[in-house]
Amino acid sequence: MKNGIGYHNVGDLFDSFMLVKAATKGVASNGKPFLTLVLSDTSGEIEAKLWDATPEDEELFHAEQLVKVMGEINQFRGRSQLKIHSIRQAQPTDGVQVADFIEKAPVDKEELMGRLTEIIFDMKNPNLQRIVRYFVKKYQDELGVYPAATKNHHEYVSGLLYHVVSMLNIAKELKNLYPEINKDLLYAGIILHDLGKMKELSGISAPTYTLEGKLLGHIPMMVEEIGRAAEELQIIGEEVTILQHMVLSHHGKAEWGSPKPPLVREAEILHLIDLIDAKMNMLNRTLAKVKPGEFTERMFAMDNRSFYKPTFDE
Amino acid sequence: MKNGIGYHNVGDLFDSFMLVKAATKGVASNGKPFLTLVLSDTSGEIEAKLWDATPEDEELFHAEQLVKVMGEINQFRGRSQLKIHSIRQAQPTDGVQVADFIEKAPVDKEELMGRLTEIIFDMKNPNLQRIVRYFVKKYQDELGVYPAATKNHHEYVSGLLYHVVSMLNIAKELKNLYPEINKDLLYAGIILHDLGKMKELSGISAPTYTLEGKLLGHIPMMVEEIGRAAEELQIIGEEVTILQHMVLSHHGKAEWGSPKPPLVREAEILHLIDLIDAKMNMLNRTLAKVKPGEFTERMFAMDNRSFYKPTFDE
Amino acid sequence: MKNGIGYHNVGDLFDSFMLVKAATKGVASNGKPFLTLVLSDTSGEIEAKLWDATPEDEELFHAEQLVKVMGEINQFRGRSQLKIHSIRQAQPTDGVQVADFIEKAPVDKEELMGRLTEIIFDMKNPNLQRIVRYFVKKYQDELGVYPAATKNHHEYVSGLLYHVVSMLNIAKELKNLYPEINKDLLYAGIILHDLGKMKELSGISAPTYTLEGKLLGHIPMMVEEIGRAAEELQIIGEEVTILQHMVLSHHGKAEWGSPKPPLVREAEILHLIDLIDAKMNMLNRTLAKVKPGEFTERMFAMDNRSFYKPTFDE
Amino acid sequence: MKNGIGYHNVGDLFDSFMLVKAATKGVASNGKPFLTLVLSDTSGEIEAKLWDATPEDEELFHAEQLVKVMGEINQFRGRSQLKIHSIRQAQPTDGVQVADFIEKAPVDKEELMGRLTEIIFDMKNPNLQRIVRYFVKKYQDELGVYPAATKNHHEYVSGLLYHVVSMLNIAKELKNLYPEINKDLLYAGIILHDLGKMKELSGISAPTYTLEGKLLGHIPMMVEEIGRAAEELQIIGEEVTILQHMVLSHHGKAEWGSPKPPLVREAEILHLIDLIDAKMNMLNRTLAKVKPGEFTERMFAMDNRSFYKPTFDE
Amino acid sequence: MKNGIGYHNVGDLFDSFMLVKAATKGVASNGKPFLTLVLSDTSGEIEAKLWDATPEDEELFHAEQLVKVMGEINQFRGRSQLKIHSIRQAQPTDGVQVADFIEKAPVDKEELMGRLTEIIFDMKNPNLQRIVRYFVKKYQDELGVYPAATKNHHEYVSGLLYHVVSMLNIAKELKNLYPEINKDLLYAGIILHDLGKMKELSGISAPTYTLEGKLLGHIPMMVEEIGRAAEELQIIGEEVTILQHMVLSHHGKAEWGSPKPPLVREAEILHLIDLIDAKMNMLNRTLAKVKPGEFTERMFAMDNRSFYKPTFDE
Amino acid sequence: MKNGIGYHNVGDLFDSFMLVKAATKGVASNGKPFLTLVLSDTSGEIEAKLWDATPEDEELFHAEQLVKVMGEINQFRGRSQLKIHSIRQAQPTDGVQVADFIEKAPVDKEELMGRLTEIIFDMKNPNLQRIVRYFVKKYQDELGVYPAATKNHHEYVSGLLYHVVSMLNIAKELKNLYPEINKDLLYAGIILHDLGKMKELSGISAPTYTLEGKLLGHIPMMVEEIGRAAEELQIIGEEVTILQHMVLSHHGKAEWGSPKPPLVREAEILHLIDLIDAKMNMLNRTLAKVKPGEFTERMFAMDNRSFYKPTFDE
């Protein structure tokens, strides 16, 4: 969708349907109320100001509402901002649907689920396989649709599953190159490492952090869940502790949220695969928005670096 | 017991019963075997070299054996070392017992348990009280005797319970000074905060770290235990999450092992009380070994500082 | 005073007397002058914009003036801001006084002074007692009214004395629990530790930093004062150096302003008591402004954390 | 070679041929000279003391000499040490060769070179391909045999080429998973990234750092070489600067020796692939020396961690 | 030029010619376009807003245009801002020239060049002297006019040469005080240390970073240039490596951009002289703008410190 | 004195008079007592072991005793050690004196004092001059002989004064290059900055830290002394506070012992001059002990770097 908001530049006129992600009331320096809208389509989002907003405007333009908007893209304090010329609610006759405006993983959830099932089917260690199956079943509804995060990487519908499957693909290739890897352990660790996000994040569209998410975080919550699952499945064995360790250590360092660093080979490689897939996801999506010879905007989760897109090809 | 090994100086002769804590075989630069013994009584421990050790010596002088030793205290690379003049196994007729050579908390475990019971009895919030009672019952055998650590502070028999009771005493006084504190929550957090040590450490005398202790640590293990206990007790309510947060955050910072910092008033105060009691325990025991006008040895767990003991009184 | 500005929310109308703490002139994007006022009562403060300000407005609404203001509380860049509907100077007939709008310690300065006198009376070490008495006498006018800081904790009238007395109360309880503490030394350290603030800060209402405060800081200034006092009182003895060390080290670490870390037991405990009282003061006052189930605003001096207020009671 | 020195434990007798890597003279506490020998075979190395060494011993047992040694493995200050019972120079009739005692990459240099040639053949961008060919030709003698480092990872004959080929294999798989990657750029970066080591290290057996290596380091030296090569080949184009950037940034951060962090997608992925291959090489070789259920020795280049080898299989 | 923009205060009227350094279009909250101009003279620069800008305004007021402007200096978010009352393009009849509005070094470039020539003439080591001469010749056009940076210190015409000559003067005096210094090596290092800036920065007026500057930085570029120059001049000898090391290490630490720290006496002293001259340049120019008894604005490149100007004289 | 111990290498025989700096008794692994002696002359010091020491040996060879020693220089754990062949007390007839074995500054104390007096005579600001004179008079006996430190730099007789005079020489040259410097303030700051060392260190030969030195440090002690001196001299004026600030801030950063960083131009330059002179003193003395083409030993106070001495001349 190369004609979405993410592909427009400052100075462009813009005329399209968009989804209101957030609407906040403010008062301008002239004393009149205005609305700050965050408008999105699958290519990105933009802030827009609706000046001199009436009480009716406030009712019409709220979060999760589709709108038809026309305006011009300006720059404000170094960020794009849409100056609204006109705006109206979308009508049934417009034939647009909310689902078309929410970013999704580039692969269907059915295909991702199929790939996940294959991988699990290939596992040979029964303890690991049973624990993994338990969780895939437990979260069968959410797993196909949850995002992997609220921002930065894979922050879209099916993002979590897409991230897991990408990591499994890398893991499979690394197993070929380094046969010492315990494949089942690595696969199980990858599949479970971020499942705690389903308790940490409030939902799929516009997710926020739950109270448990804020006070405990997805890592300790998932460590606890694995312990309980093993008890329920009556699995006793080192696999349980090692799997808990894989989840616990996958952020790599205490200051990044892992009270123990990786102390098992597969835990170390899980951490590295997670890094690669998260970084490639961020880099590819951000570089897609600039032209060869340009630098991207600064990327907060990449140490605030701005990346260059070379002008030559393979 | 001012006449124990901890109160002797370099140059002193020493002639007493001691407990062998560890015995390691080595080969001297002249090619002859020797034994490195760690000998202890309740006042401290010292390394000793038994040169030209025979195979019989190796059998006689092993860990957990009581011995009668005579020797001279020398200095070696800045640490005290006992030069053995003579050594023999203790005999039944000597009338000495292993228990007399292991350091214990300065208060009886019965008295500590009594104080703990009183405190729990005073709690009014039924959810918190029930969870606390569940764990005191579950660990009734170990709780009275476990150490709080393998070294640094409260590393002796009943050290964990003594630490908990000292913290509860501080908490009670702070509640008087700052009535906004939720006393039940603070008490419950103090009682549970280190119970995971009973799974992290292998036992009471000469404890080491278990596999779970090394790969997971006492904090996530205890968070998991609280979750399971609440399920078993069918307690639903914010108390469970907040208690888990109290345990999770009690080291204060991510780099000190708490993936979340304290985000509840009582979690912050729990962290501070833990600091005070651990530091006072270390300082008082270390300062007891030096005379007024002297500096202590460097204390690793106090940022490697060496403390001064003033020469004047109150 | 639950109806002060600190207890209102965005959207509320507000109509009350307030004290102008600061007034700054600006020019709006339409080229017209405006005033940015900081208005306060004992519950907190709020920024307010007076648009299209006339030269008369500038004269009427200056720092330390009481005003009657009516307006609506809006949100601007994530902070509350008062949109002024009307504003006028307070009149003698309004019956309001500046003193009623400045925050004070929750305990009377006479009562605090009484408590301080008792504590000093109990001291037995004559050198420590004489030095402490010297300073209480020297600063008898300021000690009862000075704030402990310009912001963060105890930043109100009598804040310094209130902080000292709270710390003395904690110290007394800790002495009971850890009898090894030299009570007189700890008391003297607590009483003197922050007295340098009376030279570091310019005064009581709206304090700023003096030139000495900026270039030297309250810690070295107080170390110097103790040295001079000892000379004047002809006190010779280790107490002088140790007291200077208590003040010097009370921030705990070089990077926090203490060129030497605590190297005496009572210096370490003084640092910890200071931490507890400062943190409890900040936490209690900030948590008082949110409802159960809410998080506070981010607290800069608490590592920018936002604290949660649980929904359950003791 | 499971019967090499790397597979013996403390207490074992050992009787085999070994290569002297270093020999240093010392004087024992009894005033007699001794030799400290570092003895190695392809499985590892061990320190050995030859007490009461004669001047003849000093002549016989020097670096790069093969010896027949019999002795017992002891522990000294936590490290293994060989107590020599007898030692003699190897004789021609013993039929042993130095080359059999130097560790080599697990794949032949011819096979590695073949794989490298294939990869270069597949490159399409002529500028990148020509620069890469230039260097492979320039270093054709050393490239097949140089180690990648003096210690930690790939520190053996052909280690550099083996590391490069492993990285190319990973790169190829990642290109399949993330087609946005510019394969030629990534390949060229991988092939060149560590070639400066051939100027930084003094040679193949027992390499040390050259003066240039110590004062400049392999990274700036290789950046310079690429610039000169491009001039010689009369290549003008962004490829040259980007390739220099790939080499410059491949350590990832300034504090790790890269004055610029990766600012191009392929530079970031090069850094990550380098990390993975170095870590897997270290982990696999270290874990090969312990049994399931054991922890490895502390690994300095892995943040001093000790890794656990689980007891269960796939 | 004490009457430049750098010497005016908030509230002052200002009426003078200025150079437009940058002009950016924006849209005000009332929907109308405006121009943000950065206006400068040799004493400093100021931001100015031209509200309700017409398309003609946009054409007239662009970068590198001289203008006559009248307005009032206001404060906006803590920074000075010029409120424009009137503005027009400068006319030929106004008799003003762009060169008069660009800050220059306080010493003529001819004089600086003369001093540099003298110093080089005094060098005795032929290898060092030839390399230095090579570069002075190569960059003879740029060397006299380039700035030393885009901001912070010596960021004006001839700034680089002025910085080099100041450093040479300090070096000469230190050689007198510490005769062990190798003067020729230190001189050569000073002259070459920042020459890479001529490739890193795009030009003289309003310089920005080149692609090479962003991806490689001036340090590795200059190291490469020295290597090539030595090759061209057929100089072989340790001088080349040491000179490259001087340039490479002159930022002092890896985290400041030097992959190797100074490892040669003259490299260490070069780093210190660079620090002194950069800091004195910043301090003297910033302090010149405040009166005795005042603090300067915060200086970002001096760890964000604000410096005090004492009220007393020598 | 190129034939001192500092100029000998491992393997050399050594036969000369030396001063015993320290003597410690130990017990060898064969159970016999030995003495560890630290022997010194003006070129350096070396550790020596006297095996099988008799009680008479202990009496003869104590600190501050001159001895005639013959032996061989060996290497032990990477450091030189003297293996004693024979040793005896020096006799009156040997004609050697303790003073000849203590390192001194390379310039006479009378010459240094003369230079200091000149500088003070040149000062024009009466307040600064009077304070400086007060201290030079107060410490007239110690100032000429004290070391500047116990190790690292200027750690010899008259080291403090030599350091001060070197710094004054640099200051004078910098004043010529940067006339904005307030010379009197800088001179006064240099002269006073380290005078607190005379209370921090116990004496001239083999100095240790005093109790005040350990608990307060030379910086706060000197700040206090300046305050008292000003009071005694009845000097009121900003000079006093600024001078105290100069001393307080001269270590540059809080973590290096300065609770306030330099906030006055002359304080910043004082810090830089201190750095230069300390570093040049360490570098010159350490480099004097190696030959061209060699690296020095690691220098702890230079971030543990090992410096290279180039092989070419000016």
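Per-chain residue numbering starts at 1, and chain names A, B, C, D, E and F are given in the order in which the chains are listed.
Note that in this section a residue touches a chain if its C-beta (ideal position, glycine included) is under 8 Å from a C-beta of that chain, and two chains touch if they have at least 3 such contacts.
To keep track of the chains, here are their UniProt names: A, B, C, D, E, F = 3'-5' exoribonuclease YhaM.
Everything numeric here is computed off the predicted structure, so don't read it as measured data.
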Quiz prompt | Any chain that touches chain F (3'-5' exoribonuclease YhaM) and chain C (3'-5' exoribonuclease YhaM) | solution = B, E
Practice problem: Show which chains lie in contact with chain E (3'-5' exoribonuclease YhaM) and also with chain F (3'-5' exoribonuclease YhaM). | Solution: C, D
Practice problem: Going through E-F, A-B or A-E one by one, find the pair whose contacts repeat those of C-F for over half of the pairs by residue number. | Solution: A-B
Quiz prompt | Separation of mean Cα positions, chain F (3'-5' exoribonuclease YhaM) and chain A (3'-5' exoribonuclease YhaM) [Å, integer] | solution = 61
Quiz item: Between chain A (3'-5' exoribonuclease YhaM) and chain C (3'-5' exoribonuclease YhaM), what is the gap in Å from one C-alpha centre to the other?
Solution: 44
Quiz item: At which residue positions does chain E (3'-5' exoribonuclease YhaM) touch at least two other chains?
Solution: 29-30, 211, 214-215, 238, 242, 263-264, 308
Exercise. Please give all chain pairs that are in touch with each other.
Key: A-B, A-C, A-D, A-E, B-C, B-D, B-F, C-E, C-F, D-E, D-F, E-F
Quiz item: Can you name the residues of chain F (3'-5' exoribonuclease YhaM) that touch chain D (3'-5' exoribonuclease YhaM) in the complex?
Solution: 28-30, 49, 51, 74-76, 83, 295, 308
Quiz item: In their complex, what parts of chain D (3'-5' exoribonuclease YhaM) are in touch with chain A (3'-5' exoribonuclease YhaM)?
Solution: 123-125, 127, 166, 169-170, 173-174, 177-178, 180, 182-185, 237-239, 242, 261-265, 268-269, 272, 275-276, 279-280, 283-284, 287-288, 302-303, 305-314
Practice problem: Please give the residue numbers of chain E (3'-5' exoribonuclease YhaM) that touch chain D (3'-5' exoribonuclease YhaM) in the complex, ascending. | Solution: 211-212, 214-217, 219-220, 223-224, 227-228, 231, 238, 241-242, 244-245, 248, 254-260, 263-264
Quiz item: Which chain A (3'-5' exoribonuclease YhaM) residues qualify as touching chain C (3'-5' exoribonuclease YhaM) in the complex?
Solution: 24, 26-27, 29-31, 211, 214-215
